[in-house]
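Okay, structure first, notes after.
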Amino acid sequence: MDALQDFCVADLKGSPTINGFACKDPKTVQASDFSFGGLHIPGNTSNAFGSKVTPAFVTQIPGLNTFGISMARVDYARGGINPPHTHPRATEILTVIKGTLEVGFVTSNPENRLVSKVLRKGDVFVFPIGLVHFQRNTGHRNAVAIAALSSQNPGVITVANAVFGSKPDIPTDVLAKAFQVDRSVVQKLQAKF
Amino acid sequence: MDALQDFCVADLKGSPTINGFACKDPKTVQASDFSFGGLHIPGNTSNAFGSKVTPAFVTQIPGLNTFGISMARVDYARGGINPPHTHPRATEILTVIKGTLEVGFVTSNPENRLVSKVLRKGDVFVFPIGLVHFQRNTGHRNAVAIAALSSQNPGVITVANAVFGSKPDIPTDVLAKAFQVDRSVVQKLQAKF
Amino acid sequence: MDALQDFCVADLKGSPTINGFACKDPKTVQASDFSFGGLHIPGNTSNAFGSKVTPAFVTQIPGLNTFGISMARVDYARGGINPPHTHPRATEILTVIKGTLEVGFVTSNPENRLVSKVLRKGDVFVFPIGLVHFQRNTGHRNAVAIAALSSQNPGVITVANAVFGSKPDIPTDVLAKAFQVDRSVVQKLQAKF
Amino acid sequence: MDALQDFCVADLKGSPTINGFACKDPKTVQASDFSFGGLHIPGNTSNAFGSKVTPAFVTQIPGLNTFGISMARVDYARGGINPPHTHPRATEILTVIKGTLEVGFVTSNPENRLVSKVLRKGDVFVFPIGLVHFQRNTGHRNAVAIAALSSQNPGVITVANAVFGSKPDIPTDVLAKAFQVDRSVVQKLQAKF
Amino acid sequence: MDALQDFCVADLKGSPTINGFACKDPKTVQASDFSFGGLHIPGNTSNAFGSKVTPAFVTQIPGLNTFGISMARVDYARGGINPPHTHPRATEILTVIKGTLEVGFVTSNPENRLVSKVLRKGDVFVFPIGLVHFQRNTGHRNAVAIAALSSQNPGVITVANAVFGSKPDIPTDVLAKAFQVDRSVVQKLQAKF
Amino acid sequence: MDALQDFCVADLKGSPTINGFACKDPKTVQASDFSFGGLHIPGNTSNAFGSKVTPAFVTQIPGLNTFGISMARVDYARGGINPPHTHPRATEILTVIKGTLEVGFVTSNPENRLVSKVLRKGDVFVFPIGLVHFQRNTGHRNAVAIAALSSQNPGVITVANAVFGSKPDIPTDVLAKAFQVDRSVVQKLQAKF
């Protein structure tokens, strides 16, 4: 979606909804519409994955509307992971601000090749659009990354949650056959998400 | 990628490779470059999933190059599934030619809502770009669908294969934490893919 | 138009109208918004052309909005044609479900090369965006095809109708000179459309 | 096709061919690559249509490559027409430099509405992408227009030529049925193109 | 922004505002929505630059909405200039209708190469998207050009005005350091814009 | 430019050159093709502007090719500025890692409104595509920012350099009239760049 004016600051509560967002009246636009604070604040990683994403997407920065880019901070506890996930609408570029991360993405069928690397402070890595990828903190203390994504609203699909935690559930039989395990294994996984 | 000439038939063996494909010399282009046969032939569904996709992508039809569309036939044995997967570069539209299919897709985080429906012969359904989706044959005999995708090379990422069958493996610890199961469960899954 | 969210189901009766359609409230979206029935039902080919297109465009499937793809069924009586036409906003890919079709497209000036082929059941063919193309049933019984198009609303311009059947008419003098025939010939053609 | 560098001047004789053109070595690029002369010279309108298009497309101005725009001059003899045609890859905007033009375009099915207007010197008009359109000199002397198109290579499909003058011919039976006339009428038309 | 219907004539006073414009009800669309008059009328060049741009953008021609193209006339008094400026959203193609113009554009860092040429009547030149460019009338009388741009609303950023004439001012210290001059020089420049 | 495969790692030395880059043979692609090191290393700000940009564009990370995103680190000495500049092909999003920055962009004609804000650690700001923008370190020590841009090769046009430092020079008369100063002032400015 190419921009057709200098900016179209999202009217986040506007009606009707459209692809992206309608624009606020340009006369009421303020510098704060292009801004967001708090990316220096560590996210709370006290969760099962030991990681936390703090987004600066169009919902946080309405001035991003129509511009095809966004940002995020990711915090990782010691041993924490950003579990395998995809962004259905964006490529991601990430740089390590602190710590050590093992990162990787998997190519599509039939190769399903894992392309992975250990990143240290100052390293940058690219996760191509739509591919499954993950990060793991392999250092001895917490880690922090700044990521940017090629969409104002990249979307996140955590594989485990989408597959085993959808509402309602994907039929157990489908998942048992998809993962080639007993239904009981699927049910245990579904219980966790 | 908008087309910049009437057609740019893919030179599939051309060098260098580019985004998509270089074009064959237009003078050597034949009607057969825009064609492909065999979408009436049932795919062999004697496999673990009980389904088979027969693609008509740019690799099969070089005339699709630069045009943002492709097609496929999907066969489903009785009880067969097309397991949860994504297309990183395409939305899919599918129509049932024979039989009955339960189909669904899961929205991105945090909702992970399953949108599903039972389709009968002549029904059409849409799977939005990048979202996890599946089909299951819930009828009493085999089923057949014709699908179209909004890319000349949509890519397929079967979730189970990408996550548990990558080469090399995603570290077992990452998957154990991601799926919140013991490492032994992950290893069993990895052994199957 | 890249999608900026998982889906933007068309609010077909929404106001104001925009490029494509505004989105329904996501909370009210149902599986049926992504679905359409009846592509197994033969279209009524009792007309001058002996063919009938049954569309599954965004007007039929509001869930197609923003996704750049659509589908259609085409029925052909014995000897029926889908007359020369263009899609101003889409490339078409078509597969024959039943019968035999002679298909072709014509390249742009100055070559105006006809690229044509006889298709049988299971054959697939591509009609590049904007080019004049047609199909003819050359078999001994009716024929059926499933087509997909690279736009949610590809548009159809039947050449004869647009040129000789516009409302109001294109000036007769323009058409007489364009087709290099007497005005009386043009008037006869205009009378038919 | 968004530009990914300041310019990519077309290497018009380059090999292999790609979508658009490969780039000349930037070091050898000259101002003349972005230029073209002669749009002030009247085209020769001594032909059946009484009009002549002088293009300034990427083939004439290699510097247009990747930029999605081009220009043309159109000359019209007294009574001359630019016959009904489409541009498969571009919208056109046209301004009258001299004389008087009746212009129009026809919307797609099922309306096939003719939207037309008489333009005088200094008037501007828009012909939407892919729609059939024409111009006619309705003044008492020659007329001249400058047009711009939203593609480096918009393509031109003169309806009469594509339908009745393709090489080889579209089958006479197809055209007879499409235009609902006798085969003999079609053959006369085919003989002229 | 690909068009998703034959046309989406801008409802220039519509509410809410969106990227580009919402569409007028197609039933109320008139030929005049695709038209604009007056590009034959010389612009008033009695100003500091000795030039005047008469735009035919979407604001003047609502029918341009979604089509990615627009037009303009530029008048130059003897010795007049169209001062260094950029179009943030468009490539420009320009043809000289009358007189002689020296034109040029400057490539991005680090080369900052000036690509320039003297154009005479009938010459065409391309100014790549986003690059600084200018025209100067080097002939002995006034000059006129017709330009087309690859956006319905290309935007114009006159460098001197944006840098020294913004409201409020860019801090004087920033400009003094940017242009490596004393603050007093900056203040004089700011006073003029 | 939508990606048409999982990745198309730039063959930076490939021939011929194309829009963006041709792809390396996928079999030879390594994780290092998606990576780049050193974004933690302060840039050398001992220059006239007191700032330094360290890019992570496609030239540094060939894996960015076709993906529409890139990253950069910007260092600012005390009092340093990133002088007024544009990116002809990208919107920028920036977050402050250290220190305090006054940032702003100027809208296009005729408003030329300065939208500015003081950013502190953790603040994020957006600079719309093609608009003139700058940053200034207003803190008492050095400052650091991480920026991301919506192009693999966004381009940088430093206004002062492009206008007063092009090679060859923009004619002095053009600049004198454009900035409404004496030729001697222009010559002094040209001497500095």
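Just a few scattered comments:
We call the chains A, B, C, D, E and F, going by the order they appear; numbering starts again at 1 in every chain.
By our rule, contacts are C-beta pairs under 8 Å (C-beta built on N, C-alpha and C of every residue); 3 or more make two chains touch, one makes a residue touch a chain.
This structure is a prediction, so every number in the text was calculated from the model and none was measured.
Touch-path distance (fewest steps) from subunit D to subunit E is 1. When each chain is reduced to the average of its Cα atoms, F sits farthest from subunit C. Here the spacing of subunit A and subunit C, counted between their Cα centres, is 39 Å. Chain geometry summary: the mean Cα position of subunit B and that of subunit C are 25 Å apart. Residue positions of subunit F with contacts to 2 or more other chains are 1, 3, 6, 18, 20, 68, 88-89, 104, 108, 128-129, 131, 155.
You'll find the chains touch as A-B, A-C, A-E, A-F, B-C, B-D, B-F, C-D, C-E, D-E, D-F, E-F. Residues of subunit A that touch subunit C in their complex: 1, 16-20, 58, 68, 88-89, 151-153, 155. Interface of subunit E with subunit C (complex): residues 1-6, 8, 11, 14, 18, 20, 22-23, 25-26, 65-66. The touching residues of subunit E, when paired with subunit F in their complex, are 48-50, 81, 83-84, 86-89, 102, 104, 106, 108-109, 111-114, 128-132, 134, 136, 155-171, 173-175, 177-181, 185, 188-189, 192-193. Against subunit C, in their complex, subunit B makes its touches with residues 3, 6-7, 29-32, 34-41, 56, 61, 63-64, 67-71, 73, 91-93, 95-97, 104, 107-108, 115-117, 119-129, 131, 146, 148-150.
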